[in-house]
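Just so it is clear, A, B, C, D, E and F label the chains in written order, and each chain counts residues from 1 on its own.
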């Protein structure tokens, strides 16, 4: 296995992108662009009421023309695809792993990740951007009324790695690479280097333990860079709160 | 009736906003921001096949957090609201009024208007922006293979006018004005000053013929400015084609 | 522009058409036949509860064979079409313009407009008939327990006007005229001659300000006749209450 | 078991009730009123194509205010209830029993039964009325191009019988009787006295073989009267064709 | 009419088939296999709350490959077919006929009948099996807290009878016989020999009163055998409670 | 981290469980029971037609009472949950990794995995069982007309591993263990020890690289046992074909 590409595409995170949401971010990774909005709702889903615990929920969608050919809107089809459901469940689950839901209190943070332009890695960009939007929204709550314990416990970022048809291992795949990859893996990790989610899939192919080790190593390096970018964007006040200083 | 405000809010039109669509525009009007994407599909709806005639179809949606409080996605609800249907039917119908569908040939132009930030006037901004996106897409077709007759016959823009509770007539209402207006009117007009659509509604209120005349006068002035902006953005080559020079 | 037809088709309003509804009317306009039923429900939609204010809501449907060829039922398709939604929103909004919702008290009047035979003008006939059905239902409430202020403030009727392909302006279009009209306009007005709603649409065509003036003039004459018919059908007791004598 | 009521309610059948359908009937039975429309469609469902055989399909619905309290429309609910499905399957199946589908040729007759006022027995009135509407539509086809074999082989009518809480057997139950009946039976029979469908149901109750015999006897007498009425309404030409003279 | 087959296929009832349900049965009839599970829910549908009365509700489904060719899942289609609704309404209604809902108290017994292999008679097997599952669940409630009156008043079983194309009357039709039968009748009866439901249908055919008598006689004999099997399976303790000894 | 449990629960695979499917298996793992049926359909999805390549598709469902409390059927809810979609996409994707779709030819193998009793590990049992059902169906095709290349290239099995709250690593979690686990990982591997899919998820928790290594080691041992069981059940003829001898 060769390693052709071990660098991230150009990533930018623009804070306060829209005016209405409690937290709003435009994240770009290469040509992929995702608007990540965080909304605070002062209640939790029915099955959690009265427990004093918070919840993080995510939704994901693409504009019909985020892609090279136009997709039919899921609202027109009247149902959400399996792919969309899988991604939005993943985003919510990942964010909850770095949040102290008891400290958050009985409220829901909604993360809406809307892909306006897609070129591979939309789910990982959504997670990396949604984390920042969530920090902004929770920090706003903190300014209104300080939390005893700041609910965000660590940073969270996600990246894809894969093995192309020519056996090359690649970090941060774009659409063309992703479409032809034999193995596709998404890594979600914390600032402390812990795994939150690991999803490796052979696409009509399989992978060995050696390849797994190689992919994890590539991915960890990418995550580290993303977390650095998040810290820069969040600024000192918020990073101090997360790092519990 | 007083006239408090006879000026448009700041309007900008950014061409080629996204890379994939055949025509792509970001239009802003005050705090309202709409992405208008035009896609070319080389077929028409089943009921029109074989007639050699084209079709223009539009879809409209808002991001959940385009507004002050979060709205549930229509894809999650599994159905499109009456308001959304009304707006997307309106956009398509209005655009078709300035297109020679025979000249277009048997293909569909899809216009996707996605509101990423809302502050009143989203449907009129969608129409004004979608017109530009449509021009870009049809011009691209023209470059590939020139039309005998350029299918776009005139400019098209839309604006809202209204009467506030204090009887003031207002051009280009923002959300706060719109919410409290007694009368709300949407005007869609061509560059030549012809009406394409006129929708005036009393909101638990009514209006007189004098008020109608006043509103039309305000609206026409606004349309004129929008058409000028469209011309500037489209540039000489496309305006020459539209004006048939 | 010529004026070929400035007379309404034959219009009849049959009161108490069905036995169950609180108000029931069969309205015919030429070959168009609509059953308009008013039902009183002693509660309001969730977003209005506890405000002491009433609500008027409308639904519209066609029998599958109201038209020349059979339409698939919307219940079989599992969703209501954009056209239906647009019409039922219009009917409800128009009726609310002549009702004092505070005086009505915390209850909903449902208006069901079911077209059993269609020949153009089904939405305007629905509004003209639904107004009468609503009066009957509210009058019945008044007989049970008199309102301090009778909630209906004025008459309400609707008519269509249009411009045919040969540039003739026409009042009260039937299906054949409507299908081929260049411009189609629906006018909803009160007994006092105020506008409630004005919807003018160029069908792949546009219209000038002169044409607009002509259409409004035709329409106002038609509305006047419809309001006279409503008064006759409602009878002295109800008209006195509406006119506040 | 006593027999309190062995007479039908007043039944009327008005032919050619609406102008568009190929066959149209308004049937009333007591206060129950059903519009039965027959439409001819020159194709059959996909699973039958190319066999040269016809099909009979039925749909059934109630206006929201056909009943004492308003029902939510099935189109608004987005799905058809189990009761509606059961009834429309029953109507189609029953009609097919007296039609020679081979003789009909590869076309579908749609029967739309729309209850505009309900007072018990809506499904049986629908069948009795739909039979007449179907005869009118098929006769119209016959006039255009005579069938070698007229496709309708016999008359078809339906009636309900039941046992009330006081053990009285009753023919043609109205809504009040039906609601409180212990046993409810629908009989669908041909002019020749053959059974097409027999559905007897104990409502939280059961019935004996003696009771069954009594109910069948009451029902058969009712069917006979309905078939006589159908013959009168259909007239000599159509009855001759059905009776194969 | 000849009687070719007056014997049931081999029927077995396996109690406590699954571990979670309050009552669970696997019933086989020839090659037909149905899992019948009874669940106790300590509430009733909204329209019955506060009356102290119980409810019995049933659902019916087939595995996609219960049949010779694969059927699309109803969950994938997003709606339940008319046939499924008809059957589940029938099962619930039939079971309620032998239950004293007042004695049951304000709770619902859900009966889930899932056909894992189909060879005709799935609805009748479902009823016969669901009765046993319901007895087991109600008996379990009785053991926890004895009922003053045991809510089950009698046995309940169901069987099909039919007339084949060659005029032979047949008991307990398998799929091949059922598909080609001219007349298909389902009988649901109590242990005391009372009718609960009788549904006879001519499939593009009709039947005479003599044929009806013959079919009822065949069916009653089949029901008797099924009730004997139910008694054996339920055992002395439960049968004593049902028989009120 | 301690290793408390490194043994599989009792696993059984019953071949030819139902008579209709081309391949049918009942797999049990502890108290979990899943019916896995394979159906052959002689066509592929629209997007693949004409390429001569086959497809493997899977559906997954639970009986309402497979679990301790009753779940509402997805067909009644009218939509498939996100969890169900995620699982059925996973099953199909995993199976495709060991199938040579070109060798299979233009047909679809449908795998229906219906959980009749659930106690943790339903998705992994579904995959392990579905592989056997698929082998049976493809072998039947082979007997009818031998493949040049037998399309199944390797064995495929799946197992779950996890880390409990007390930091114990566990193989093959039951429901109680699964509900309280901090980390939950599903491993899908081939007979040759290659990974097909690896999904590790921290449930409001994270995991380190050491823990990952430990979990993989536990899982691989479990997969090995499952593959041995599959070989025994499939028998010599099929294993020879898979192993290409």
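To be clear about the criterion, a contact is a pair of C-beta atoms (placed from the backbone, for glycine too) under 8 Å apart; a residue touches a chain by one contact, two chains touch by 3 or more.
Here is each chain with its UniProt name: A, B, C, D, E, F = Ribonuclease PH.
In this text the structure is predicted, and so the values were computed from the model without any measurement.
Counted as hops between touching chains, the shortest connection from chain B to chain F is 2.
Looking across B-C, C-D or A-B, the interface that copies A-F in more than half of its residue contact pairs is found at B-C.
Rotation relating chain B to chain D, from a C-alpha superposition: 120°, rounded in steps of 5. Compared with chain C, the chain whose C-alpha mean position is the greatest distance off is F. Chain centres computed from CA atoms place A at the largest separation from chain D.
Separating the CA-averaged centres of chain A and chain E is a span of 51 Å.
For this pair, chain D with chain E, the centres built from the Cα atoms lie 28 Å apart.
Chain contacts: chain F has residues 78-80 touching two or more partner chains.
The chains touch one another in a closed ring; read from chain E in the direction of chain F, their sequence is E, F, A, B, C, D. The touching residues of chain F, when paired with chain A in their complex, are 79-83, 85-86, 88-89, 93, 96-97, 101, 185, 190, 192-209, 212, 216. Those residues of chain C whose C-beta lies close enough to touch chain D in the complex are 18-21, 24, 31, 33, 35, 37, 39, 41, 59, 61, 63-70, 73-80, 84, 110, 112, 114, 116-118.
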